[in-house]
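Two complexes are shown next, each including subunit A; its partner changes from subunit B in the first to subunit C in the second.
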Partner chain A sequence: MSTIDLNFEEELKTFCENTALACFNCGTCTAVCPLVNDNFPRKMIRYIQVGAKDAILENANELYKCLHCGLCTHTCPRQADPGEIILGLKRFVVANWRRS
Partner chain B sequence: MFSPKDIIDVLAQNVRQTMSPFGIPRFMVNTWHKDQNLPDDGEYLLYTGLMYQFAPYIEKSTHYLESFEDTAKARYLKYARYVPGYLSGAGLALMTRARKKSEAGQPLKNVVRLLRQSRVNFGYRPDLDHYSGILLYDMGDQKSFIAHARKVAQKLQRAKINKIITIDPHTTYALKELFPKYTGAHFKVVPYFDLLNLGPQNADLEVTLHDPCFFGRYLKVSDIPRKVLAGLGIRETRIRNSKDFTSCCGGPAESVSPKLSSRIMDIRAKELAEPGKPIVSMCPICLGNLKKAGADARDLSSLLVQHI
Partner chain C sequence: MMKENDKKVGVYICYCGGNISDHVDVEAVRNRVEKMPGVAVAKTNMFMCSDPGQELIIDDLKSGKIDRVVVASCAPSLHETTFRGAIERAGANPFIYEHANIREQVSWVHHGDPATDKATVLISAAAAKARKLKPLEPIRVDAKKHAVVIGGGIAGIKSALEIARNGIEVAIIEKTGSLGGNLNNLGRLAPSGENASDILQEILGKVKAAPSITIHTGCEVTDVQGYVGNFTLDVKGRTDSFKIDTGAIVMATGSVSYQPFEGEFGFGTYPQVITLPTLIEALKQSKYQTETGWFEFGGKPVRNIAMIHCVGSRQIPGIHEPRENGQLNEYCSRTCCSAVLNAANQIKERFAKTRVVDMYRDIRTYGRGQEALYDRASANKVVFMRYEADAMPTVEKSSTPDFPLTVKIKDGLTFNEEMDVPADLVVLATGIEPSDVSGLASAMKLPVGTDRFLLEVHPKLRPVEFPVAGVFLAGTCQAPMDAGEACNAAGAAAAKTCALLSKGVIELDPFVAEVNPDKCQGHGNCVDACIKEGALKLVDVQRGGKTVTQAQVTAAMCLGCGACAAVCPEKAIDLNGWALEQYEDMVDAIVAA
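Let's turn to the complex of A and B:
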């Protein structure tokens, strides 16, 4: 069972400019993503919004499929910068691996 | 898919020990300049970031990764971190064909010829030409990236370098955008095609351009190579995804999943092949990937050299 961490959104600010709360989950990022895979990156951004830190760590490998191509950021209607958020999550995950 | 943690650990260790993601000693990688009679001083410093030189090693290592992906052997990758970087790098260098290594230097020689033709005042310092660390940045290993970028930037600053000519999109982005942000080092960074003045020609040729993501979307310089090509009478075909809406070649995923990379590359290669014209790009990663998918792809510099 995943738990919710209400401070996660704040914690992520150490790793990137966290614009996840600007996202209104329209799914444009997922539609344009070359991965065409399982609601990526929208799902990850949703996890941040609800504080599902454990879910992100459990699915950490998924983040590394991201090509950092920037198409999601380029097309986001809310300027939520999904590409930078995914990069921030990778940094968060690496820091977590190094700590553990 | 390989464990990203294992891949990152190996890459970070290699970069830390050898300043190269593959651990290959620099004297084995960077040999293209030896017959070029290049001055070590000039208004600009030519900076390759070793990306073109790495292309044959990327091809070779990806070939091995492909054969181990999703097999029982994949889990042994984590032990690679116990092998000294120089040792594994020298091994990879020995397994890579000499012809491939020599071919990898050709685009760099083309760029030298184009810059000379355009009367650009530049020099080259192999002792300052280092890998930018961009893959560590892309993989989220921020600490290792910053440590490496600082080393590289300090060497350039100590040599009082102000203006830099880059060749590939990854190094250009790292030096132009990331170095100022994370190391405080500011240089005037210009991709080589922005300095070309090749004079009018009438090549009467049509090509399909593949914009690398960093040039097309992040740095928004797609119009510059198009102007250079137009000046030589080379026209561009219309494709669905280009310039700032370009499609990724799949290259960035090849270290963690060659299968995924190949799937994305096939989609892009089909798009580019549709007009039936030669495909031209300006990134060693994109070119390597497109060729792997069977595309008739060539480097921008080789096309330009052919028509000056």
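Let's turn to the complex of A and C:
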């Protein structure tokens, strides 16, 4: 259970160009991702949309499996640029790791 | 009896391009039919409804070979009028016609010899009836060139304007004190963004400028008597009652927004839970922008708004709680998805800092130009969440002091994780419910669906018509629709009203009861059995210098059901076109075949 934080979207802007809210949860990114992780990267994009900051930090190890092949960004029908967002999330995680 | 047996029946059997002839041996049927009593001519054709097919009938009638016609083809609903028309063009009475349906009732459901045999039986019965048919004249009733529109919302106003434009006088009867209906409660309309009040002002200007439109506000119709072309309405005003004589009636009684019950999503419990109409009104009253950059409600800045779809719509038995009267609104109100996104876009485009979370069960902004509302909402950074009917969001008091409310939702888009959404304002997208016109509908014998909306005869074959002749319907009394669709329906109802009244005379089918004055003894059984009030009554007439009581039919009101014919001990009342002796001959023919 997480409390959603709609300001997170602003907060992330310092780490990447945040296009997460363009996503309409179609799942194409997850379908084409060569990693066999469940719902990656869609789940991360969704966590940004609802501002589930804790969930992102708890699952941060998933981010480091990403190969940055760019297939998700290439196929995204909404130009939400998932690849760039994942990169930005890594920066966010580094900045916030074990801060609390 | 010999005279009737002199009738020369022409039987025309259709192949329907294989639809019939693939299963029925049409030529074998023709050979059998030809030998039947009274049949003068039996012919076949690939398509009887084609011009050459119709010519067969016309030639035989003109040359005097036949004086009664039977066509065996598809269902009469499709081509009965076609063949009656052909008979009329041959200079004969169109009611000397009988139809045998050997497609839907035979070739589409039977095969081989049984199909051929059944076709033969149906045609022999039709031919036997045809020998007893007598020429009939359509009933002509004078129609008053006047229409009443019940309900002064956008549908009612629009149909009144269209009817008046065609030179027919109209009276609008509106229950409330002013015209405009639900449009009075709307702000900017989706998808164009026009102001509802601007549209209303323009259209009301036209109504006021139209001399042939009379407006009765604060009035209700309490009863309707009469029949097509000649209705009388009892109207009750705030201080007086009066009657209006009219030729046709358009029901445009509209709808209301669903009112949530106490505690539904926290409605009535928390002042921060409001309905969509309340939000729309607040947006109308609000300054275009605020100094804080937040949308303000009740004088307080609103940081987060949660909007919940499908409140009072798409309710499921066993999951949703019915009203005291057991009512559940199982239908989709259609317009709320667009209305919610339209409101969300206005908020985001005027008060960018306010965050909007849109919680839907399903979302569909149907209609031209309305998908763009979703795209715009997405671009405006509205956050969407999805819930299932069996796990509805709940609205609770927030456990933190930051926000007054928390909406708990099991979000399908976040892999069914439980989410707490802090909110300053919760907006319930309440659906559309029809205005309660049950009293009027039962007085006028109008059909009402289980969803309480009024029912037209058929959405494709007879749209915006009621089975009661001369009564039409328009707008949201029929189903949830937006203002544009209500205007479309209003235009259709107006066109049908004008087509009905424009000649000043209405022709009705002559299939009504007729009293034989030589036999009627005035028992009155028929009057008791009659289901249509006013269609049949006992009157005193002069016969042979004596005053006797006899039954009298008001042809324009008779439904042609035959209930009277069934109860008359003297066999003094019968139904034109469906007489008892015609049935007897049909039964004899079926047994003989």
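Definition applied: the second predicted complex is superposed on the first by the 96 of 100 C-alpha atoms of A that agree within 3 Å, B and C clash if a C-alpha of one lies under 4 Å from a C-alpha of the other, contacts with A are read in each partner's own complex, and residues count from 1 in each chain.
Just so we're on the same page, contacts are C-beta pairs under 8 Å (C-beta built on N, C-alpha and C of every residue); 3 or more make two chains touch, one makes a residue touch a chain.
Just so it is clear, the structure is predicted and the values come from calculations on it, not from any experiment.
Touch counts on subunit A: comparing subunit C and subunit B, the chain ahead is B. Of the two partner chains, subunit C is the only one that A:Val50 touches; subunit B does not reach it.
When the shared chain is aligned, subunit B comes close enough to touch A:Cys69, but subunit C does not.
By the touch criterion defined above, A:Leu35 reaches subunit B but does not reach subunit C.
Residues of subunit A that touch subunit B in their complex: 15, 34-35, 60-61, 63-65, 67-71, 74, 87, 89-95, 97-98.
Against subunit C, in their complex, subunit A makes its touches with residues 1-4, 6, 9, 21-22, 24-25, 39, 43, 46-47, 49-50, 52, 55, 78.
For subunit B in complex with subunit A, the residues that touch the partner chain are 1, 3-5, 7-8, 138-143, 213, 217-218, 244-245, 247-248, 250-253, 256-257, 260, 264, 267-268. Interface residues of subunit C, counted against subunit A in their complex, comprise 304, 355, 357, 378-379, 381, 383-385, 411, 413-415, 417-422.
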